[in-house]
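I have placed the structure first, in the form of structure tokens, so that the comments after it can refer back to it.
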Amino acid sequence: MIADNPYTLSPAAVNDLRKHQSTALIVGIVGMLAMVVGFFLTEHGQFMRSYLVGFMFWTGTAMGCLALMMIQYMSGGAWGMMIRRSLEAGSRTIPLMMLLVIPILAGVTVLYPWAFPGADHLKAVHDKRLYLNVPFFVARAILFFGVWCLLMFLLNRWSLEQDRTGDINLARKLEKLSGPGIVIYAFTMTFAVTDWVMSLDPTWFSTVYGLLLCVGQCLSALATIVAVLILMADKPPLAGLITKRHLHDLGKLMLALTMLWAYLSFSQLILIWSGNLPEEISYYINRLNGGWEWVGGILLAFHFGFPFLLLLSQALKKNPKTLRIIACYIIVIRIVDVFWLVEPNFNKAHFQLHWLDLAAPIGIGGLWFSYFFYQLRQRPILPVNAPDLEKALNHGRHH
Amino acid sequence: MAIPLQPIELPDEVPVGPIIGPEENLTTVTDKLAGIVLRRKTGYGWLMGFGLAFCGTMMLLMAMTYLFLKGTGIWGINMPVAWGFAIVNFVWWIGIGHAGTLISAILLLLNQSWRNAINRYAEAMTLFAVACAGLFPIMHMGRAWLAYWLLPYPNTMQLWPQFRSPLDWDVFAVSTYATISLVFWYVGLIPDAASLRDQAEHRWQQVVYGIMALGWRGSARHWQRYEKASLLLAGLATPLVLSVHTVVSFDFAVAIIPGWHTTIFPPYFVAGAVYSGFAMVLTLMIPVRKFYHLESLVTMRHINNMAKVMLTTGLIVGYGYMMEAFFSWYSTNTYEGFMYWNRMTGPYAPYFWCLIFCNIITPQFLWIKRVRTNLIILWIVSIIVNIGMWLERFVIVITSLHRDFLPSSWGMYYPTAWDWAIYIGTLGLFMTLIYLFMRAIPMITIHELRVLVPGGVRSPQPVQPQPVKNI
Amino acid sequence: MPQIFSFSSNSYTRVGIIVGLITLVGVGGLLFQLGADSSYATNEGVARVQPVQFSHSHHVSSMGVDCRYCHTSVENSDFANIPPTKTCMNCHSQIWTGSPELELVRASYRTDSSIPWVRVHDLPDFVYFNHSIHVKKGVGCETCHGRVDQMPLVYQKGSLEMRWCLDCHRNPQKYVRPHSEVLTMGYKYPPNQEEVGLQLIKEYKIQRLETCNTCHR
Amino acid sequence: MSHSETIETTPIYGIMAEFTNPYDLVTAAEKAKAAGYYRMDAYSPYPIEDLEEPLDLHDNRISLFVLLAGICGATFGFGFLSWVNTVSYPLNIAGRPLISAPMFIPITFECTILAAGLTSAIGMLLLNGLPMPYHPVFNVPRFARASQDGFFLCIESVDPKFDRRETALFLESLGAEEVSEVAN
Amino acid sequence: MHDQPRYKPLGETGFFADKRQSRPLIPGTVARGDLREATEFYTGKNTTGSAAEGTDDLDYFPIAITKEVIERGHERFDVFCSPCHGRLGNGLGMIVQRGMKQPPSYHTDRLRTARPGHFYDVITNGYGAMYNYSAQVSPRDRWAIVSYIRALQYSQNVNKTNLTPEQLAKLPVPGARPVPGEESIPDLPIAPPSPDQMNLPEGAPLPPGAPPTPMSPSILNPPPAAKAGEAKQ
């Protein structure tokens, strides 16, 4: 790290981040303790499901950071430059999530119906034993995390190196890795969510599922990063660097991802609903009956309709305060979405919200944020030697 | 758009080149593009190309006449493959029609100024491709003269179209798309028509372009509303583009035919449409750029960016194939599994593998920058992608239908000479329209290009408009 | 640059646009009227010239011949048949035996060839229609065919458009009659037809058949 | 200077100055505004955002129109489909509810876009008063450059501060390449 | 679509010499369920041999005669027979008034004593100037018409002493109460009495010649054809 880097976080900003880090850590530890209590008090299946909700959401956020980072290397654009370092910090939490996957791997036989003893009598399970078996499941999880860590490691390392050396070739290398990296991300994540979430109902399948969850992850990541970016925006060095135009662009991207999520969700709904095939429709029957339809309605209204209308407004996108509120709001509603993906597979009869469903995302989220803030203050907030930085900073300054 | 107070910063990739050549200024840009329309003599190259394309149009008209006299029995369609070339070509053309509005709309929203040089051309292509696409469902109806029955109007049957059928959504989506594309295109044309009007040398040209220009005078008040309207249109057109091919994918996916009914279809069809659309833009743009000496306006940067878009969308399409293949096994559904196995090994397997080669393997070369910037190779790749995307629709339509649920209902599809005549005829119609467009309207949006001119000023000394050389 | 268009062209443009729009709507409406609603399109009310100038008015009103004397299958078949020449000859072997108008009938009977009657009520082939069920459910002959007893030459009384069918299929109570009045010509509906109709619907178990495959099967 | 004594008595539309580049035009507009003129318009071959301030270009009505049209289109689309499927022509399709909201979305969406899109184009033309084939500014011979490479500022005679001679001199003082009267 | 290339009833074709799309049945064709094994029912002739009496006409009805059957017969009679035979069977139908040769009245001793099979045979095969009606009237309807002819004959030949005073009082005066809708028929001497005037138990078989009630809805739904075994009773 170069001492005279103008974009090194100011002591005030680092202090802020430290404070946030310890707050998050406390929340995380309290949440984790609650989960430990929950593990002993409640049925293990419930514990695992709630844990899965938290794990999926925060893994998704970390992975979304990685994906967005690679996308911004590919597409360029001022928005990417402003959040690149935050995305990097977000991606560096992947090893933490790798640790947190262990309970899932340990609890496969409690969580996944295909791994229950005697599940073989289900034809669907029997026929896909080649894929859905515990050793392969564990191996895949390790492989996925390995690949992701590798991507994360290389991208972060080169970016830091660029700060130091300003070698133009590093920019090329970053771009060259990002292209295939996105492809790798899309494929591995598709299979990962097939393993971790879709196989909760081993008879059900949907080809758009992977894409849908990837988009959701990018949205979670973007909302998280935007919220954090604005948190730091009033302290040097970011103060004065972030223009309304940057925020506007980020808001537009959030709008685009919100619409994309709605588009893919709608596509899946209308096709399965109109096809009405028994092996597919069970998914929506579970989710549109017994109280779950309210969760679905909430997602329609508040994961799409409400943020869509808010983000249409230019004024709200350009105002840091309102944009941060919208970003925080999107994080919350994203958790509801993950909850809706996971839980109705089990509580088929009626809607049920266990207190662990709140404790797990909050607990894991606390740990995640704490680690994220720690990572965030390790590096300058802007990549000083990135080729387009000057242009990105000037973005929107002619007004 | 702001005035470019300083020259546009050259991007990092200097070897690829800037958006617009540094030798251009306001005067030369206007003269060059207006000159192609107003002062260029009709060359033999144009006449020959147009003549060939016009022959294709005539063939189309003849084939359509015979079709309307005899009915769709002259085609190769029959049970079980009741959707043959008509639907394959419809989807193919509609897909090609996606690049234009996408380039215009999304890139305008994203402030990607490199769109400016190609959007007019791409939009015109959209319109013509949609026109060709629209013919096919109408022909496929059999009684084309009753096509207006598709529209909801109070009729003597006192019924409405089936609004819950994706085939009816198609009517809405395609007609809305055609309307909005036309409006978008025309709105973009108004200031350029004014330029042509003011440069015209003959009275009839002044009147014709004067009417087209609607009295546009470049008032700042007008420009302000114009910019707003363009932005709004772009904002509306972007989801519209996505919706059109989404609806086309619903035509298939709402049914429960294995190979059609799969949830990835909407995004995968949209990506495929953009893929083939950009391939078609490149296929046409590379020769046009050469013949009309537009190298300084359609720069290597445009070409490179379009190639990148092709690569991206090609990868999404490849992702779609992979998901279909994997989930046909993962579903453990007999019919799904058979469908994909049959695609890979059945009677149409050669088409399938051809398609994989054209759509998945060939574009991988676009990872290499040298391929992206080599015009000849890129042109060949874009043609291969066009063929591949046609094959994709062929495989989706034919292989899913030719093996019905009961082996007793299995069959094969053999297109007849009339199928081919109509397909090739629409290519002729498309090219005819493109040729006419190139003669009558500036291929490149002049007023948007002016924004990119370094300094935004006129020539230091008055430039005498020179008649452009013939080809 | 000199002005290309004169000062008045502004007014021409505006008037032209407004007049153009009005014309477009007007011409559209007119075409619809002419194309879909006229007797040219529907053949409504157009009397057909038949090879033999058979008068329903004479045979029904003056002679009191029952519809079913000739159209025997109307009650138990989808098709209310045109009678064979022999049915004509039941009487005309005895009366009007020398009439030149009837020569074609006699020739037909002699040579066992068909009289090429011109079809008046011709539904499209994609429409399934069954006479017997309509007769059984209390739809009068007159409801669809009009006062045949007053037609010297038969013409099509209804438009036979789909909305014409649907009008009754949606609101059978407007038209249904008691069974005893099915063949009646000039039936006077009771003032409380709506009530009577609803009662008959219940009694005859009439369904409001509006699904596509009722007729398009 | 092309105004002559002979036409001085006939009313004119305004006085127009031509500039060679956009920066001069913007500066001139700013100065004209500072001098108290407000009935003026600039003409250029491409949109110039910096003219917003001096010319008070703040017409956002078109966004409102488009929004309203979009809402109307969506309401009409969904309402029409609901009416058709429940009142006018109810049909049981595979046992699904008559108001099958997901199946109505595509057409509702297309109606929204169609209404909003047409409104944005037609609204732009109407607010701009187009089509208007005849306009006084076309009487200026050099005005043909406005659609190519010329930048013009026209102070209209309806401006309260307008004075034939004063205004012409004022425009000349702004560094205009050519100042001419615009016949009505 | 509107006119599909398919054969329809009474359609025209250039393919066959007679230009008819409907083809005649191949001789010997038997429709399913139409083997016509019950010879008496279908021919009206006696198969067991009573030719000694000079006629082989069936002397009984091969179907059970109920009120419904007679009503059906009434209706069919009015449709097919009354134009010549007149509503009362007196041979003074409308066509006869227009020049047709007058058929014999049913109310003669010869026809009163004629066997049911005779009437059936006339309908089936024609008689004198009368063409056969086998195409228009189904066998079951023919028997129903015969039963109604019997009722007509009975109604015109009642011995007043067989009637109760109440029935006598109800007897309409000629011309005083025309049958609804038949005002135009001038030669109606007497309206047939209705069954309730004859005090018959509901559903009981009527004696031959019992007159019908006014048309009721059930007429259009004739009961299923009687089995051959029942027909013999």
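By letter and in written order, the chains are A, B, C, D and E; residue numbering begins at 1 in each of them.
Just so we're on the same page, a residue touches a chain if its C-beta (ideal position, glycine included) is under 8 Å from a C-beta of that chain, and two chains touch if they have at least 3 such contacts.
None of these values were measured; they are calculated from a predicted model.
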Residual chain clusters - subunit D taken out, nothing else repositioned: one piece
Chain labels contacting subunit D and also subunit E: C
Steps needed, at minimum, to go from subunit C to subunit D via contacts: 1
Comparison of A-B and B-D by number of C-beta pairs in contact, larger one: B-D
Chain whose Cα centroid lies at the greatest distance from that of subunit C: A
Chain located farthest away, centre of subunit B as origin (C-alpha): E
Approximate Å spacing (C-alpha centroids) for the pair subunit A, subunit C: 68
Where subunit C and subunit E are represented by their mean Cα positions, the distance between them in whole Å: 32
Centre-to-centre distance between subunit E and subunit B (centres being mean Cα positions), rounded to whole Å: 77
Subunit A-subunit D separation of Cα centroids, rounded to whole Å: 44
Where subunit C touches two or more other chains at once, by residue number: 1, 4-5, 10
Contacts with two or more other chains, residues of subunit E listed in rising order: 1
Interface hub residues of subunit D, defined as touching at least two other chains: 91, 103, 131-134, 138, 143-144
Interchain contacts (touch definition) - all pairs: A-B, A-D, B-C, B-D, C-D, C-E
Subunit B contact footprint on subunit A (complex, rising order): 77, 123-124, 127-128, 131, 168, 171, 179-180, 183, 186-187, 190, 194, 205-211, 252, 259, 263-264, 267-268, 270-272, 274-275, 277, 279, 387-388, 391, 398-399
Residue ranges of subunit B in contact with subunit D within the complex: 1-3, 25-27, 30-31, 152, 158-160, 162-164, 166, 168-169, 172-173, 176, 179-180, 183-184, 186-187, 190-191, 194-195, 197-199, 210-211, 214-229, 232-233, 236-237, 239-240, 243, 246-247, 250, 447-448, 450-451, 455-459
In the complex, subunit E residues that touch subunit C: 1-4, 6, 8-10, 12, 18-20, 78-80, 83-84, 94-95, 98-101, 129-131, 133, 135-136, 184-185, 214-217, 220
Residues of subunit C that touch subunit E when the two form their complex: 63-66, 68-69, 72, 75, 79, 81-82, 84, 86-87, 89-91, 93-96, 112-114, 116-117, 124-126, 135-136, 178-180
Contact footprint of subunit D on subunit C as seen in their complex: 1-10, 13, 17, 210-212
